[in-house]
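Inspection log for the structure reproduced underneath, given as structure tokens.
To keep things simple, chains are lettered A, B and C as they appear, and every chain counts its residues starting from 1.
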């Protein structure tokens, strides 16, 4: 346990020091990349809550992720640039969407549930894409990143990195407390043995819905950040294939393992960057999704517990 | 405590329970016996709320729970254990019991405070672990327990929800004589504070524990009363042709 | 709103619905019998369309290429089933979802490697390039009529196969209760492979026929897959009849909705809102339909499972 704590503390220190190390070694660009990894870590963590802890295989999280992003984009287009308004709005919209999708989907299970979450998420995609005023098919740019106040300049890469780091740490900490709380116990119990959980007095549907909404809300936060990160909101953020990408991160890192999400996000994005960017694939770099797909298939078939799952020890 | 009135259920052409009327008095241990295929499983599911009845009423401690969901029934003080062990396999014994206790103490829409810090809940779970004889294995993961121990945990989860009434579905299923003895002792311990409807095949246990017995055959209650009466009942003897009814 | 337009769009809707049925039929059988969620179904549709285009190029004949494309795609389907999919039946849904999702990525890239990222051309047969006059004043593309005919014919064949033959009975038994079918001695492995292969052939047929109408491009499978899911949820998992009713319903509602709603919105909304709200509402229509069906009949209209 002490060793675990040391590792976590060490990782946190490393994360705090990273931008300066990168700048000193002339790898400025990686600071932006690191921020992107952390944003996807938040998104993956939200999905891990639903899938890994809640046992709800949602293929619709792109709706909440992209919805949060679009909220920021739309508000920016209407002149609202403050993060203190736009980001909570993004979270609220995502939570509302999750409430809607969850309420209808959680009455079903198994194959039905997966398909229905997928279908509803795609519905959101079509709604947003048809909004010509907000970019339609092409998406829309943000004039600037959301204003933070306090004299902070979000367009500065290092400042942005720390903003994202603070939020990621906060989200992970909140999730940690959630999982160990009464609510978390019930959620895991429901995943473990739903009928008995119901039989000992827990209204299962309500708990699952609450878990789903919390998960969606966090995905919305990640969406707000991703919109800011690129200063651009793309409709592909809402597409169900995006849900698939997030799912890959979750299983890569380890479903239901606490550190699975950040690990999965890191590995997936690093893989993508390596395969598409550097010269590894040479002339075939544009086809980087092929080796990713193969690796994914191999992992799913032969190492389904993912990277974090390979380490022994209790589920955190 | 429990009034089952004219409860029926059919599946297509098959009548599983047929106008069943049964009443369990407060504080008693009431046994429900019957040959295989008598409809006990269906009746249990109807009483527990996992299967809706076609007709009839189920009144529990004065409240009509016929249409109540399973989790609502627990609010009224109802609990059940399962014939096929249904515990939280990857939780420890203590966590299983703490979860059940948690269901009846306060709200579980609590997102911040770690359960591990709730001394009162842990102590309560410990007490139940002691009561079911698993005090020394409280940190064992449920899946690693022996069959008899799992059955004890099975009952433990039901009583950890602080019920007024517990329906025990063949608690002695698959048990050898030692384990059965321990289960009988457990039921003796809890009967002082909980009304028990015991569904069992183990006649030894039934005649040792039951205050009254009801006999279900072909979906109908053919006899109900004191053990001695039931034992002497001709219809019961005929229904159990080949089955043991201790003389 | 002219009667001709409505008639034309209704026929288009029916045509789209019948093609959706081809996709949904294979998908619902796989769900119903193997309890397996197969996201790669759309990829088989795409592969069918691409193979068709390539074979038309190679043979110079649409009608010669069609059976070849079906056979080739069915073969690919069988290979897929035996190698990867078979190992997924016993696994949990999450694993199935992710594995078949990975297959989508792989299939998309392989197609892109071979044919490039741009859409490719698949032309309807020469003889059917023009319109035909159904009733005086109403012309309809003859190719689309042929699609309607083939679609209806195949639907009928499938119905006969599933409802009237022994094989069909096995399939229905498997869909409603797999354990029972196994217990009764059905050669499950062979049945599964055959069902999967048939599904692949149906996908290829839809892809090959729709190729000239929609675009043949990477990603075409994903878009139509979702709609096929909606069809199945509405129709009920495991039911061919449900897939048929669901597909025609979705096809007609979607097509008519897209044609009529924007105009409808235009009558009572100002032009700037109508131009956004119209298309938005029509693309959402089938999901609203799905939500409505789910609300009243969560198992779909004709659930196969007891």
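By our rule, contacts are C-beta pairs under 8 Å (C-beta built on N, C-alpha and C of every residue); 3 or more make two chains touch, one makes a residue touch a chain.
These numbers were taken from a predicted model, which means no experiment stands behind them.
Relative to the centroid of all protein Cα atoms, the closest per-chain Cα centroid is that of A.
Each chain gets a centre from the mean of its Cα atoms; the one farthest from the centre of chain C is B. Averaging Cα coordinates per chain places chain A and chain B 44 Å apart. Once the centre of each chain is set as its mean CA position, chain A and chain C turn out to be 31 Å apart. We define each chain's centre as the mean of its Cα atoms; on that basis chain B and chain C are separated by 50 Å. Looking at chain B, one finds that none of its residues touch two or more other chains. Residues 177-178, 180-186, 189, 192-193, 195-196, 198-204, 207, 210 of chain A touch chain B in their complex.
Residues 31, 35, 37, 84, 87, 93-95, 97-99, 101-106, 108-110, 112-113, 222, 226, 229-230, 232-233, 237, 275-276, 279-280, 283-284, 287, 290-291, 294-295, 298 of chain C are the ones touching chain A in the complex. Taken together, the chain B residues at the contact with chain A in this complex read 48, 50, 69-71, 74-75, 79-80, 82, 86-91, 95, 98-100, 102-104, 106-116, 157-158, 161. Contact residues on chain A toward chain C in their complex (touch as defined above): 51, 57, 59, 104, 107-108, 110-112, 114-116, 118-120, 122-123, 126-127, 130-133, 240-241, 244, 247-248, 251, 255, 284, 287, 289-290, 292-294, 296-297, 300-301, 304.
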